[in-house]
Structure formats: C-alpha cells, structure tokens
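Each in structure tokens, the structures are laid out below.
Below are two complexes that have subunit A in common, paired first with subunit B and then with subunit C.
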Partner chain A sequence: MADLRPRDERGQILLIAAFTLAVIFVALALVINSAIFTENLASQGEVAGSSEALTYQDQVRQSVAEAMAYANRYDESSLGASVDTIGGQSSSQQARGGRVIDVSLVSTTDGTRIADNASGGSAFRSSGGLSDWNLADGVERTRNVVVTTRHSDLPTSGTPFRLRANETGTPTNVWTMSVWEDSDDVVVRVNTADGDVSECRVAVAGAGTFQIDVTDGVIAGERCHALTRDGTAGTPMWFATGIPSGSTYDIEIANGDAIGGNYSMVVSPRGSWNATTLTTGSATGTPYRTDAIYEATVDYAFRTSQVTYETEIEVTPGEAP
Partner chain B sequence: MTERGTSTALSYVLTLSIATLLVSGLLFAGSTFVEDSREQVIRQELQVIGEHLASNVEQVDRYAGAPETVHEASLEQTFPSRVTGTTYDAILRENGGDPTLTLRATDPAVTVEIGLGSDVPITGETFADGGTIATSCEVSGGTCDRIVIENV
Partner chain C sequence: MSDRRGGVDERGQGHTLEAVAAAFLLVASVSFALQMTAVTPLSASTSSQHLENQLRYTGAGVMASVEERGGLSRAIRYWDESDARFHDAPDGGYYTADPPDNAFGRALNRTLDERNIAYNVHLVYERSSGDRAQKRLLYRGEPSDHAVRASRTVTIMDRDPLIDADGTENGTLTVSNASTYFLPDADTGGPVHNVVRVEVVAWRI
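Coming up: the complex of A and B.
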C-alpha cells in the first residue's frame, strides 16, 4: 500500500483523542479528590466546643446550687462572692482550652427555710405542740422538701403522717402525701386535687435514718413513682400539682405526732411562713424558720472562636419542675 | 493494476471514519462518565454540608431551649466555598411549619433538601453562600424568636 502523505503527518485524530482523554482523566482525578474531601468533611464531628457550652452550663448550675446551700446555712450575703469565685476558677480552667467563660450573679429571690432539725429527731409538732398544724400560708413556690426519718419512727396505716398543699381560699383543692410503714416497707400515697391516687412502696432495711425527698421523688435513694407520676393518667406530677398556676397554697402537717425525725423545705415568698407555729432562728427541738435564698439568677457566657452563647440561668436546687 | 488507487482511497476513508467513530464514542462516554460522577459527588458533598449545617441549627435550638433566658446563641462553621468547582447556597426556610434546609449548586443544578425538627423556630427564609456560615438566634425579650443563617 502506498503512502498518500508523509508518515509524520498521520494520526492527528488519535493525537487529539489522546489529549482530550488526558483532560478527561485529570477532571476525573479532581472529582475523585472532591469525593475524598467530602468523606473527610463527613467524618468531622460537631463544631468544637458546641456541646461543652451546655455541659459547662450544667456544671455552673450545680456549683451555684452548692454555693447557695452554703449561703443559706451560714451567710446569705456570701453568695455574690462565691459566684465570682466560681466564675474566676471556671475561666482560668477553660482558658487553657481556648474558651472564655464568664459567670456573674444577677439577682436573687428571697425565701424562707422552714425546718425542724432537733438532734435525734422529734415528732413533727408545731412550736405550740399541735399535731395538726399549718407551716406556711400563701406559698407560691416550694423547693427541697425533705423528710428524714427512721423505720421505727413511722406511723402505721391507721394514722399516717400527712403533708398537704392546700390552695389558699379553696381548701378542697389539695395535694396530699401520706406516709406510713407496712412491715419492712415505707408506703407513700399521693392524692391529687382531681381525685387521682398513686402509691409506692420502698423496702427500707435496718434501723438507720433515711430520707424522703418529696420534691425529687426519691425515698431512701430509690425512685418513688407516686411522687413523680399521676397514678391514673401517668402524666408527670410533683409536689402541689393541681394547684392552679398563679394561685398560692398553704402547707400543712397532719398527724405530726405519729412520725419522728427531721424535715426541711424552702418556700417563697419570704413572708409566707406562719408566725404562730414557727419560731425564729434555730431554737432546738421546735420547728423554726430562717431567711434563705430561694432562687439565684446567674449570667453565664461561653465563648470560643466559633461558639457564642450567653444566657441567664435560674438556680433553684430541688425545685419540682 | 488500474483499480488499485481506488481501493487505497476507499480503505483510507473507511479507516479514518471508523477511527473517528470509535474515538468520538470513547470521548463521549468518557465525558459523560466524568459529568455523572461530578454531579454525584456534588450531591454527596451538599448532603454532608447540609447535615453539618442542620446539626448547627439544632444545636442553637438546644442552646435556646436549655436555660430560662437566652441573651445570645450562635455557632460558626467554615465550609468549602465551592463544591467540585461549582458555587452553592444554603436556604433555611419555614416551609409551612415543616422547616427545611435546602442546598443548591448552580452548575450543574443539584438540589438537596434536609428536614429539620418541626419545633425549631424558623420563620420566613434566610440564606447563605458557601464559606463561613454563622447559625444564630434572633433574640427578643430573653427568648429565641427565630434561628437564622448568614455569612460572616
């Protein structure tokens, strides 16, 4: 076969095809590179520090709650300084991780601590010796309702110890907790304003003291559903559920003679304690009231190069939701 | 012998045309393959960016829901400004009570939609281009009224 053209002028189509294919391969390489980058992006977690903002907020809440407990016990005016200390320590700890934290006290709500902490425990009588009596009138909020008792100090089912929250002016609208012992068990029954009844039993071994944490719904370290769930509907329920929001309530004790031990609670507003049944200051053996901080509002700011978060936290340890 | 030239010319034309056909077929298939993969990769990348952005929106919603009063809540994240050579934008819209995050690449036109929780406070429509995107709360009176996205 004869050549129609010189040999070095042949094969242009192949040459062009080769060039174009080469370009296509380069483009494919770029696309694959992008795919690898996508995989890399997908394996990255959330924005650095974004969940720490919430974790640390909870820590600050707990620390302020501890500072509040201290302030209520010893010196109410120490809370501001304690919160500043918490803020200072938090910021120097977090600065190492490139985070800025600022914690400061904004305001506090006054309340009253009502307690009877006679050593060795005593019957839950008023300072005048009444067995059925009233601790506080016109209460808006209550937190940390704790009863400390012993199995041997509990009443039987015939005369159960009762703690009531009555709507002020409408005493039929009442939340009642009854406590008694039944062989090895502690029985807690709750009657709500709308007629629901729920009951729980917790076995308490030994002769030592144990706590009934009414607002947290815990008896001797075990959860008591009767204090947290409505027996009929199964909806969340807690101390004074059923008292209409915006209304105030009175807190009463019935059959206080039948039980022995200690109790305490913090109520707000400050003037709601009952002047005739409680003594002022911590007189021994009788129920008393002291000024306490009910709620502290703390400003919390958390900042990193990517996260900006600033809120006010309301600290009310042991308050039912 | 007088017919040999004809045969040479014919076979030359045949060779050339067959070669052209094969080569153009190869090029066509190759470029379509690349184009398809590119579209697929863009879709994947938008999906990944969208999921990151949606998780930021939900995290800001958690920030707003955690305390009683919120003053400020915002998250910034840097995303690639282009995906496989094309620009894109992200749109956060109310979508009639079913909040949605939509990511759109311009060329080729690829759209990815990511659903958000219906209780996330989003009203109207906000959008941002690729790059550093801030997700933040518009706060009024201590509550987070609306979560928006914007470029910073």
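Coming up: the complex of A and C.
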C-alpha cells in the first residue's frame, strides 16, 4: 500500500507541471512577439514618414523641370499654369494616402538659350563664320550645356574642339574643355582655372549621334569624371570650376571648324549673349539665342497628421554643382 | 491481492487520462507559441518587415534612378499607335512575362527578376472629369499578403512625343495628337497633359 500512494500524487504533479509549462510557453511567445515588434519598429528607420516629404520634393522638382523645358521650348508664359496643374493633380493623388501637398510658383529668373540645332549638324561657327568666337559675355550662371555630335564629326587630337569659360576681365583665369576622338574613344580633357587637369575616355560604338552633357558630366550615357570630380584626386572639375563666385565669365568656342553637330545651353543673366556672333530667333544653320527661363522657384508644402514641411525649391535642371 | 490489483488498474486509467490531458496542453501551447513567430522568410509576418522595407526602397530606387534620365516618362510614352497598346505587349494590352524593352523595363528586370521577385506596374492618372483611372503596364498576377508598393509621380506635357519601338522619339506623334493613346488630357487647354503615378507592387516568390 505504502508504495502505491506516491503514484496518486504524481498524477497531480504532472498535471500541475503541464499547466505551468503551458503558461511558460505563452509567456515566452509574448516576449518573443514583443521583441519582434520592437525590431519591426526599429527597422522602419523613422516612423513619422518625414522621408516621404523629401522624396516627394524631388519628384516635384523633376515635374517642374519638365514644365520649364516645355515653357522654354514653346510658350514662356505657360509655366505658372503648368505648376498649378502639377500641384493640383499631385495633391489629389496624395490625398488618398492621407497627405496634403501644395505647390505654387513663386518667381522665375530670366535667361537666354543659346543653341545651334541645324538639322544634320553643322560646324560650330559663329553666324559670321568665325571658328574661334565668343558666345556670351558677362555670364553669371550656365546650365544644360549639351553637345550632340558623332564620330565622323569629331576632330583628332591635333586640333581638338575647345569650349572655354574665361573670367571677365581676367582672361587667364580659364576653365577649358577639349574634345577629340582616338579611334573608338571620345576623349574629354578639362583644365580648370585652379590648375587641375583631368581626362576621361568613353568608348562610343556606332556611327550614330551621341550627347556630351557638359554640365551633367555624362558622355553617351556614361559618367565622365573629368567633367564632374576627378576620379583619383577627388577635386571638382565641373563647368567653370575655379572662376571665383561672384565674378562673371565669357563663354568661348575655339576650333569650332573642327567639330560638327548641335549644341545648346541656357545662360543667365538675360542680355549676356554676344550680339554680333548670334542671330535672334531660331534661324536655321546659324547659332541663335532665344529668351528662356533660367530658374524657377516654387513653394512646396507637405503635410500629414505627423509631419508639416514647407520649403522653396529652386529648379535649375542641368546646372553644374 | 485481487483488491489491490483492481485498485492499481483504476489508477492506471486515471494516469493515462491525465497524461493525455497534459500532452494536449503541451502540444496546444507549443503550436500557439509557434504561430507567434515567423517560421520561413516567405511567411507574411511582422518579422519579415526588414525584407519588405528593403523591397520597397529597391522599388523606389529603381524608379528614381530611371527617372533621373527621363526613363519613366519614356516608358509611359512607349506606345504603339497602330495597335493601340504598348510596343510588343501581348493582346491584353499590358506586359506579362517580359518587361518592356526600354530603360525602365531593363532596370526592373535587372533588379527584381534576377532576385526572384514578382511585380506589377500600374499607372494611376486622372481623367479631365476628375475621376481616377488605372492602367496596367505590367501584370503578373494577384500579389501575395506581403507585397509592398513603391510609387513615383511623373508629369507628361502636351507636346511630349510618343516613343517608337526602338526607343527614339516619334517625329510627328505626340501624346496629344495620337488617337489611340490611353492617357487623356486632364488639363484641357493647359500645357500639362497629365500627372501619372507609377506604382510598382513587388513581392517575393
């Protein structure tokens, strides 16, 4: 008898142990779950959603840049209406996500677009036929300097095409870009007014046209460190580097005979163009100037239940840093 | 002896019942605990939030880098006027198996397809009446529970040209004068054609 009694008690102990284990498991599950939830919150970076305000700011900038390109090309007065529509449509789209967006045009800065877009391309001569000439004098800012050319129109290393930015009044303070071809490679060398030199080569296949985007530092879709920041030394090389801020510069072309194609740029202030080498309006075959918007400032406001953000965005597509 | 033996038998039944009850409790609590945690990287749960965040940022990054060169806008204008659908799209009017052969499609393919991620691309826009409309650019089926969405807004202007199949701008057809182009002019009389929200919905498979 005596040896049987403890067995009775063991059944109860087992039951109690099972209950205890069950409670422990539930407690553990709660602990693990709360740890996961903490990790989840931590992995979100920031919970309030302020990064959305900045992401959307970038999208507004790009939309306004589109509208500006349209205004410069077709109708300069259309920018205000475009910005209003962009703001209205953006806000109705974002309202679905509980965000309020307001975009409005504050001001614009006048500039001049200088271009030669003869169909099929032409040598980069002035309207008077000069090969070495000035496009603009007393320029403060320049954006969207784009050269469109092709292999058969590129010069050899003996007579490279040169684009210069000379400080007005101090012509020795000069930023120079030289372009030539070396078999399949397009070579761009930049000498800054600070005395730095950098060179990049981009292999461009085919006989078709390609773009040298001088202010963005891109040749046929590939980065060219000689137009942005020197790859090894890290020194800035972009357009007009070394011209002291606050002083103006002249934009010159040298060996314009050697290269063929099209080019365009927008300069500010309006009136800095060279009246003798450029024609007015879009005359074919010669370089010309037209009025353009250099810069647009838009007011951008972003609101959610947690974030209120408001700033003015300056839109200057294709301006070197 | 017979009494004692009979008593032992009854207690044995009791113990068995207790053991079954205990086992049931143990199994039930273990399975309950397991439901609280993520078991595989594919199960939709709070613990795969990192991966979902990564996927969302990847989607947003793809669109941002493509749009830096205007590729998103071109993908929206990659339209076959005579067939009234995107270039080389199947009969349904949207891409299914292969993404479009343009910068946006190639970037999606390189970034998501190669990592076994399925995705849909929708274009959300407004009609001139103010209604909201949606068009599929690429559709690969119903997203799973742990799908994420990234979006980017693109402005299309009235005189933006349509893009030909080889990626060049069409000389004559613009978004305004093409008769079969899907995107309506939301701002009649104004310079803006429409503001399109490109949405990428992505999920792991």
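The rule we apply is simple: the second predicted complex is superposed on the first by the 271 of 321 C-alpha atoms of A that agree within 3 Å, B and C clash if a C-alpha of one lies under 4 Å from a C-alpha of the other, contacts with A are read in each partner's own complex, and residues count from 1 in each chain.
Keep in mind that, in the parts below, a contact is a pair of C-beta atoms (placed from the backbone, for glycine too) under 8 Å apart; a residue touches a chain by one contact, two chains touch by 3 or more.
Please read all numbers here as calculations on a predicted model, not as lab measurements.
Of the two partner chains placed by the overlay, neither subunit B nor subunit C lies in contact with A:Val214. By the touch criterion defined above, A:Tyr70 reaches subunit C but does not reach subunit B.
In the superposed pair of complexes, A:Phe37 makes contact with subunit B and with subunit C alike. Contacts of A:Gln57 after superposition: subunit B is touched, whereas subunit C is not reached.
Of the two partner chains, both subunit B and subunit C are touched by A:Leu21. Within the superposed three-chain model, A:Val187 lies out of touch with both subunit B and subunit C [touch as defined at top]. When the shared chain is aligned, subunit B comes close enough to touch A:Glu312, but subunit C does not. Touched by subunit B in one complex and by subunit C in the other are residues 1, 4, 14, 17, 21, 28, 30, 32, 37, 44 of subunit A. Considering their complex, residues 1-2, 4, 13-14, 16-17, 20-21, 24, 27-28, 30-32, 34-35, 37-38, 41-42, 44, 46-47, 50-51, 53-54, 57, 299-301, 305-314 of subunit A touch subunit B. Residues of subunit A touching subunit C in their complex: 1, 4, 7-8, 10-11, 14-15, 17-19, 21-22, 25-26, 28-30, 32-33, 36-37, 39-40, 43-45, 55-56, 58-59, 62-63, 66-67, 69-71, 73-75, 78, 81-82, 85-86, 89-90, 92-93, 221.
Residues 8, 11-12, 16, 19-20, 23, 26-27, 30-31, 33-34, 37-38, 41-42, 44-45, 48-49, 51-52, 55-56, 59, 62-63, 66-77, 79-80, 83-85, 136, 142 of subunit B are the ones that touch subunit A when the two sit in their complex. Residues 4, 7-8, 11, 14-15, 18-19, 21-23, 25-26, 28-30, 32-33, 36-38, 45-47, 49-50, 53, 60, 64, 67, 69, 73, 124, 126, 130, 152-155, 157-159, 186-187, 190-192, 194-195, 197 of subunit C touch subunit A in their complex.
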